[in-house]
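I have a structure here, written as C-alpha cells, and I will follow up with some questions on it.
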Amino acid sequence: MKRTKIAFAMTAVATVLSVSACGSGSSDPLAAGSTPAAKADAGTIVVGSANFPENALLAEIYAGALSAKGVKVDKKLNIGSRETYIPALKDGSIDLIPEYTGVLAQFFNPKVSATDAAGVYAELKAAVPSTLTVLDKSAAEDKDAVVVTKETAAKLKVKSIADLGPQAKNLTLGGPPEWKTRPTGVPGLKKVYNLDFKTFRPLDAGGPLSVQALKNGQVDAVNLFTTDPSVAANGFVILDDPKSLFAAQNVVPLITKTKVNPTISATLNSISAKLDTETLGQLVKQVVVDKKDASAVAEEFLAKNNLN
Amino acid sequence: MTWLPDHLGEVLSLTVRHTYLAGVPLILGLLIALPLGWLARRYRGLYPILIIGTGLLYTIPSLALFIMLPLLLGTKILDPANVVIAMTIYTIALLVRTVADGLGSVPDAVNQSATAMGYRRGRRFLSVELPLAVPVISAGLRVAAVSNVSIVSVATLIGVQQLGSLFTDGFNRAFMEPIIVGVVACVLLALVFDGVILGATRLATPWQRAGKAPS
Amino acid sequence: MINRILAWLTDGAHWQGDDGITRRLVEHVGYSLTAVLIAALIAVPLGLYIGHTGRGRVFVVNIAGAARSVPSLGLLFLAILWLGPKLSGDIAFLVPAGLVLVVLAIPPILSGAYAGVEGVDPDARDAARGMGMRGTQVLRNVEFPCALPLIMSGIRSATLQVIATATIAAVVGLGGLGRFLIDGLAVRDTPQTASGAVLVAVLAMIVDLILALAQRYLVSRGLTGRYVTVPTFDAGDVSPPAPTLQHSA
C-alpha cells in the first residue's frame, strides 16, 4: 500500500512539474499564434461550430460576412456537442456560434413548451443566460428527425414517430451519444410518445456512422437532420412528429453579449434574413455531397447575396 | 486527388500547429525527465517508484486526459495548452525510464575515472554521464516523438485544430481524401521528427562516428 | 473530484445492464485480446523468420516503423468509410476498429520477435548446429526459447497500447470502456469520463501484471537464471515499452 501511495505522490510531483513548465512554455510566440488572443484583442470575434458539416458551414458564413465588414475573426470549428461548446462560449474560448432555436431553448430551460417558431424564439430569448444573447432568427430550419429506411417504414407500416408505438421495443435506435440523456432524445421519445426502444446505440451527430448504421441494419431508426442530403440519396423516410417533440429549429446566432456591436448584429441579422430551409439544404448538399469546402460555399452564398 | 493541391495552405498551417503541439512537449518532457531519471539512478529506492509511477501515466487514455485537464488546471476548454500538457505527461512517462537506463549504461570505470580526475558530482553528470547516455536517451526520444505525433491527432475530438482536424472534417462528410492527406502528413511529420532527433544525436555524439561505419 | 469519481464507480447502477461497466469491461477486454492475438499470430512468425534468416529485415523494419506513426484515429475513419459500406450488420464497424488495433499491435511484437532471435548468443546457435540440429530445429529449440523474453515484452507493450487505444472504438459507435469517455464528453459528465479513464488504467495494469507472471512461467529457467540480476525484469514492472527495444529500427 505504502508503495502505491509513494508512486502516486511521485506521479503527482511529475504532473505538477510538467504543468508549471508548460505554463512558461505557452508564453512562447508560436503558442500565442495558436491561442487566439481573447484577452489581447477585445475586437476579435472567435466563431465556433458544432461537430457536423452544416453547423461548420453556417459558422463559415458568419465568419466570412463579419470579416468582409472589417471585423477581426478567428475560427474554431467542429468543437463538439452543445454540452461542450456552450461551456466554451461561457469561458470565452469562443464568442459566436450558429444555433437552433428549439434545442437551444430546451438546453437552457428544460421546461419550455412552445413548438411554433415565434413562441420558441420568445422562450429562447427568456432562457438564454445573462452573459449570452441571440440575434434575429432566420427562416431556415434544420430539425432533428427520427429516420427509418423505406423497407422498415413499409414493414412496420409507420409514417410517424407515434406509429412506432409498442413496436419500438423490438427496435434499436441510433443517435449521437448525447441523445441518451437529452430531453429531445431517448427521454423525450419516452415522455412524449411513450416509446421504449430495445436499445440505444450511440453513433454520431447525423454523420456517416448514423447513415451507414441505418443502411446496413445495425440500427432500425436513427437521428438525422432534416437538411441532410443523404436522406433523399438513400431513400430514407423521415417520420412525422405529430406531437412536436422536436420544436421549431430556426437557425439563430448565439453570441457573447459583450461582443455585440451594431456592425456585428446588423451583419448577422442580414444573413439570417437571406437564409431559408431550401437554401440551407442546397448549401449543405454542396459541402456533403459535392465535397466542396465549407468556406468556398459560404463565400459563394455571401457573394450572391451581396453580403461580402 | 484534386483536394490536396487546392488545400496546400490549410494543410501546411495545420502541420505547423501539429508540429508545435507534438514538438514542444518533447522538449519540455525531456527537460523534466532528465532530473527525474537522474534521481531514479542516484537513489536506487526511487527507481521502481518512478518507473512504475510514470509508467502508469502512460496508461491514461489520451482523450480522457484532454477532457480532464481543463478541470484540473482551470484552463479554458479549447486551450491548446491542455494538449501540450497532456503530451508532456506522456513524454515524461516514456522518457524517465530511458534516462535512468541511459545513465545506467555509462560504465562504472568511466565514472570512476571522471571522479579520479577531480570531477564533482554535478559536473561529472553534465560533462561525462549525460553525453555518454545520449544514444539511449535519443532512442527513447524517437519513440516519444512518433507516439506524440500520432496521439496529438486525437485532440480534434476536443476541438483543438491540427492535422487530426482533417480526419473529423473528412469523416463527417464521408470524404476520404482529406483523411488520407492527414494520415500521410502525420507519417511524414513523424519521419521529420525522427530525422531531426537522429541528426541532433549525431552532432551530440561525435565519438560514435569515429570507429563505426555510418548506419 | 476524486470523491465524485469514487461515487460514480461505486454506484451499483453503473455496473449493470446493457451499458453498465461490467458489459463495457468485457467488450474492452474482448476487443483488446482479439487484436493482440491476431497481431501476435502475424508478427511472431514473421519476426522469427526475419530474425532467423535475416531476409527482408530492412523492409519490415521500415514498414513497422512507418506503421507506428500512423495515427489510429485517421486510420479508423478511413477503414470505416472504406470497409463499412462493404460489410453489413455489426461487423461493419467491428472489423475496421479491429484492423486499426491489429496495425497498432504488430510493430512492437514484430520488433520484439526479430530482435529476440537476432540477439541469441551465436555460440548457442553454433552449439545447436554442432549437435546436428537443422534450421527449423534450431529455431524451435534454441532461438525461440531464447527470444521469448523479448517476444513477451513486445506483446506486453503491444497489449498496453491496445488497451489504451481500444477506447477509440467508442468514437465509431462501438462499446468498450471508451464509451464512458465519449458519452461523458458528449454530455460534459466529467465523473463518467474520469471513471472511464481510471477503469482503462486499472485494466491495463492488471493485464500487464498477468502477462508478467505468464512470462515468468513461460521463459526457460536457464534464461531467467541468467537474467535474474537485471533489475528491469521485475514482475511488478508495468513500465511503458522499453524504448531500447523499439529503436532497433
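The chains carry the letters A, B and C, assigned in the order they are written, with residues numbered from 1 in each.
Going forward, contacts are C-beta pairs under 8 Å (C-beta built on N, C-alpha and C of every residue); 3 or more make two chains touch, one makes a residue touch a chain.
Fair warning: this is a prediction, and the values are worked out from it, not measured in the lab.
> Line, ring, star, complete or other: which describes how these chains touch one another?
Here the contact pattern is complete, since every chain touches every other one.
> Considering only mean CA positions as chain centres, point out the chain farthest from chain C.
A
> Averaging over Cα atoms per chain, report the distance between chain A and chain C in Å.
Averaging C-alpha atoms per chain gives centres 37 Å apart.
> Between chain B and chain C, what is the gap in Å from one C-alpha centre to the other?
21
> Can you pull out the residues of chain C that are in contact with at least two other chains?
Where chain C meets two or more other chains at a single residue, that happens at 80-81, 182, 185.
> Counting only residues that touch at least two other chains, what does the list for chain B look like?
48, 52, 54, 56, 156-158, 168, 171, 174
> Would you pick out the residues of chain A that each touch at least 2 other chains?
In chain A, 80, 84, 87, 204, 208 touch at least two other chains.
> For the complex, give me every residue of chain A touching chain B.
Listed in rising order, the residues are 3, 6-8, 10-11, 14-15, 17-19, 21-22, 25-26, 28, 30-31, 34-35, 48, 51-53, 56, 76-80, 84-85, 87-88, 91-94, 204, 207-208, 211, 287-288, 291, 293.
> Which residues of chain C touch chain A in their complex?
18-19, 80-81, 84-85, 87-90, 92-93, 170, 172-173, 179, 182-183, 185-188
> Can you check the complex and tell me which residues of chain B touch chain A?
Against chain A, chain B makes touches at 3, 6-7, 17, 20, 24, 28-29, 31-32, 36, 46, 48-50, 52-54, 56-57, 73, 76-81, 84-85, 88-89, 92, 96, 156-159, 161, 165, 168-169, 171-175, 177.
> Please output the residues of chain A touching chain C within their complex, sorted ascending.
Residues 80-81, 83-84, 87, 174, 176-178, 180-182, 199, 201-204, 208-209, 212-213, 215-218.
> Considering the complex alone, what residue numbers of chain C touch chain B?
1, 65-66, 68-75, 77-78, 80-82, 160, 163-165, 167-168, 171, 178, 181-182, 184-185, 190, 193-194, 196-197, 200-201, 204-205, 231-232, 234, 236-244, 246-247
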